[in-house]
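Every chain is named by a letter (A, B, C and D) in the order it is written, and numbering of its residues begins at 1.
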Amino acid sequence: MPQSQQQSRILANDPLTAEVFRLTVYSPEIAVAAAPGQFVMVQVSSSLDPLLRRPFSIHSRGADGSISLLFKVVGRGTALLAKARPGDKIDLLGPFGRGFDLSAAEKPVCLIGGGMGIAPLLFLAQELPGRKHALLGARNRDELAPLAKFFADIGCAVQLATDDGSLGHHGFIPDLLDEVLPDVSQVCTCGPSPMMRGVARKCRAAEVSCQVSLETHMACGMGACLGCAVPGRDGSYVHVCKEGPVFNSEELPWEL
Amino acid sequence: MPQSQQQSRILANDPLTAEVFRLTVYSPEIAVAAAPGQFVMVQVSSSLDPLLRRPFSIHSRGADGSISLLFKVVGRGTALLAKARPGDKIDLLGPFGRGFDLSAAEKPVCLIGGGMGIAPLLFLAQELPGRKHALLGARNRDELAPLAKFFADIGCAVQLATDDGSLGHHGFIPDLLDEVLPDVSQVCTCGPSPMMRGVARKCRAAEVSCQVSLETHMACGMGACLGCAVPGRDGSYVHVCKEGPVFNSEELPWEL
Amino acid sequence: METLDLRVRIGALELQNPVLTASGTFGYAKEFEPFLNLNRLGGIIVKGISLEPRAGNPPPRIVETACGMLNAIGLENVGIERFISEKMPYLRTLTAPLIVNILGDSLDDYRELARRLDEVPGISGIEVNISCPNVKKGGVAFGAVPEMAAAVTAVVRGATRLPLIVKLSPNVTDITVMAKAVEAAGADAVSLINTLIGMAINAETRKPRLANIIGGLSGPAVKPIALRMVWQTAQAVQIPVIGIGGISTADDAVEFFLAGATAVQVGTANFYDPSAAEKIVAGLEEYLQRHNEERISTLIGALDTGGK
Amino acid sequence: METLDLRVRIGALELQNPVLTASGTFGYAKEFEPFLNLNRLGGIIVKGISLEPRAGNPPPRIVETACGMLNAIGLENVGIERFISEKMPYLRTLTAPLIVNILGDSLDDYRELARRLDEVPGISGIEVNISCPNVKKGGVAFGAVPEMAAAVTAVVRGATRLPLIVKLSPNVTDITVMAKAVEAAGADAVSLINTLIGMAINAETRKPRLANIIGGLSGPAVKPIALRMVWQTAQAVQIPVIGIGGISTADDAVEFFLAGATAVQVGTANFYDPSAAEKIVAGLEEYLQRHNEERISTLIGALDTGGK
């Protein structure tokens, strides 16, 4: 999977809510090399402030050399990204990292996403050959409904949960898991850490393999700065951009 | 003339050439306080890089609370300004500095501008009651023609010069001055230093008062940083933002 | 909440809030009158004053750098007598406390400046700039040698009863050594940082961008360095530490309080946002409300290092 | 012009051009293979290596600041033996000269590292990082005390014939004193600057943004300070000075050459533009052509100060 730096033309930057955008760029070299769970490093400004690129998961891949990113405005970099307009160019590096490993998936796979953690799971769903189940959660209906639709559109069985009960189950995603777990051999999850820990705990109990996708601060995305370390199992550190962002939950020192 | 800080709505940002723009903003507090020769400090970016505001002369004032700036893209700040679009807001401070003094103008006034030095002279021409003559110069026809038209439109007698001879006199503005000087009591000039020195020299010989508008690096525009000093006559310094930008040429230590 | 309490103490001086303006970045205050309510500020520190007027350095004196600027103003100022006769009448009309920043080439200069200011009504404190080179000692900076910094502090202390702030240079190996030296010599507070020495070159013309070749770096670029020095200094001395360096928002100011600063000064930000200092006062009130705190003083040194 | 000559000399080492990559910002080079032609570079300096592997600091290890970043990686590295067995085979395939950056807690560490590297084929030079605290001497930084810096330099000099670059810390009052000390102790060149110590705090959570509390500041924000130190150092020593600090364009590099640097290192810029170093090489060629110069060496120290 060769990586590249590509000045990518913006095809669309669609607001899904006031804060969540889907950015589609023409980036054929990155698109062709990308695998689900991998991410790109995006230059959010042509000025030196903010200085560093921002990491975003690849949300989906088009047949036409395009990729989409799903992002939420949480700070200065994402605020700048929200202003990008079709026709502008944006500098992307990637694809980076170790994506989801599905070599052993025989029975259906369950995808579990919370908030912006849903982003990489759509690409994963697109690429998975067999039956797939998606448990998706977010703060409220506004945020969740447009994302849920993407999964339904490609034939996922979708179950939803919102923090405020405005759509689907009123509560957290792991609540929905018990029902689904007996039918799956593989869980892939991305979202807030407490959610992923809850999921990993249930998977361990049910002896189902669980892959989790982590987020952390990154300067380079390519294994050069060693800034993205998080504690690994044996007291040492693992690097999210290189050994991750997707880990088998057993590789992490999560008190389960 | 009270100064103010005003988030000003951009009404238009018209490219006059590939590099020269006329930016019109709705800034009624600054507009009402402004006098010809004064300038505003413009925040060119919402990020911290570039950090400092950029000074621009007030190019014209509309009856409707608007002012226009005329600027050329020469670096990062002006490149950002060129991207400003109608509807955007831009933070302006001003009006600053000592403008042209016309209290003593009895006979017609001659305005002499070179390049972007033409900018403040249009506002001056608008405000001058009597007959006025404008000698305007620039690199070539592309740059000069649209500016010349602004002056003709408000009834100035206009003479032109271009470096490449593509419009008007082939050569420098001071060449045109001899003819005009006998008819004027006051010269107001803004442009490259060599041009202004040439003009000042001829004015002195003809005993015509000459006001020159200077440019220098500025951090604050309001007399606080003392960064805008240039040599004054007596070995000390004058501050362009406060004692200027318009000086009587006799205040400056120009070897005439 | 009507009970918000932003007051802090710098020696005998009580400030209504901890936001001051930094010397050399706020002129003589009047320049900023159109842009903010000067009396909302915790205090005003004016451009450094010397015994005699100084013309300053030749231009160019300033240049923009990445998220910062270099200045080589050369300490241009009107001199103590014109300051008193021309600037003090206006400054006396303000209710915000006035702190006068002084600079000299010799101990005698500093003594004389302090003595003279001690007689002038309307001055709430003196800030001593020790970053200038000592002309008599061959240009060695007072601010880089603890003994010399202590000597300056002691002569000023001996010449005035006004609250005395000593402003420290960051261009040293260990700023806490300097802070301790001036504390022992009688300073009521230290303020830091002054500018970092820097340089910029025009690659095309191959000339320095400042006529003086080197200048002082300030602005957001230096904030991490300033914050670290404030944190180290606050742990090393008993007297209040006043934080300076790249502060342009209330959040920036809070960072300095958490690191141990009792007050802050707003410098370069005044240039790009002349209402910055007042916005910071308002922003601190908003911060306290949001965090359900009544007093700014609870933030001072409240950095949560998890026991480290 | 086919005759463009970008070659420079660092002691016995001739570089095809003066653009190197800075330690800790370029991994072990392989990471950058997709983004630039590694063999176009003047040289490659790899992440600092210690005798034993180091796990580094807990996260968060990095935080963005205004036009810069703070890092507290904690010198994580694979250790000398794994470096030699795992990283050298790839690095040996490159034609660009390889310089290995080393760090230790004691003089013995440095001696042993140099001795070991001296035996390894494919290494063109050693860069000694003296910014780490000396564990044995109670954490006093080698890089802040001239005698200790000289001692490190001398033991490394005694243990290897490889060209020896000593990398200086900017967190000192007078960097020229450090430079002269290591020059006298046998360094073939000095490189500067390493990172400036800084800090950042999350105002909302009241916690340091780095688990280590303090970290090293790098990036465009520090360029003016680095350039000033290079200029001062180039005037103080006879050996080549390698400029580092905020360099991200060819113009930045030219500024450092004019200030007296013989070569430059590209650091933080590699993160936000992984092809930066190669673009700088191309930009320097373009600069020479535009200025009708044949040799990069004519730029070195060519700052036009108008006789000052």
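Worth pointing out:
Please note the rule applied: contacts are C-beta pairs under 8 Å (C-beta built on N, C-alpha and C of every residue); 3 or more make two chains touch, one makes a residue touch a chain.
Owing to the predicted nature of the structure, the values given are computational and were not obtained by experimental measurement.
If you take chain A and chain B together, the chains in touch with both are C, D.
Summarising the inter-chain layout, the chain whose CA centre lies farthest from the centre of chain C is A. We define each chain's centre as the mean of its Cα atoms; on that basis chain A and chain C are separated by 47 Å.
Averaged Cα coordinates give chain C a centre that lies 34 Å from the centre of chain D.
Computed from the mean C-alpha positions, the centre of chain A lies at a distance of 36 Å from the centre of chain D.
Among all residues of chain A, those that touch two or more other chains are 48-50.
Annotation for chain D: residues 66-68, 219-220 touch two or more other chains. Taken as a graph of touching chains, this assembly is complete, with every chain in contact with every other. Residues of chain D touching chain B in their complex: 66-67, 220. Taken in their complex, chain D has these residues touching chain C: 65-68, 70, 144, 171-174, 196-201, 203, 205-208, 213-214, 217, 219-225, 227-228, 231, 246, 251, 254-255, 258-259, 287, 302-306, 308.
Across the complex, chain C meets chain B through its residues 24-27, 31-32, 34-35, 47, 55-56, 58-64, 66-69, 71, 73, 76, 219-220, 248, 268, 270-272, 274-275. Residue ranges on chain A touching chain D, taken from their complex, read 2-5, 43, 48-53, 93, 216-220, 222-231, 235-237. Listing the residues of chain B that touch chain A in their complex gives 45, 47-50, 76.
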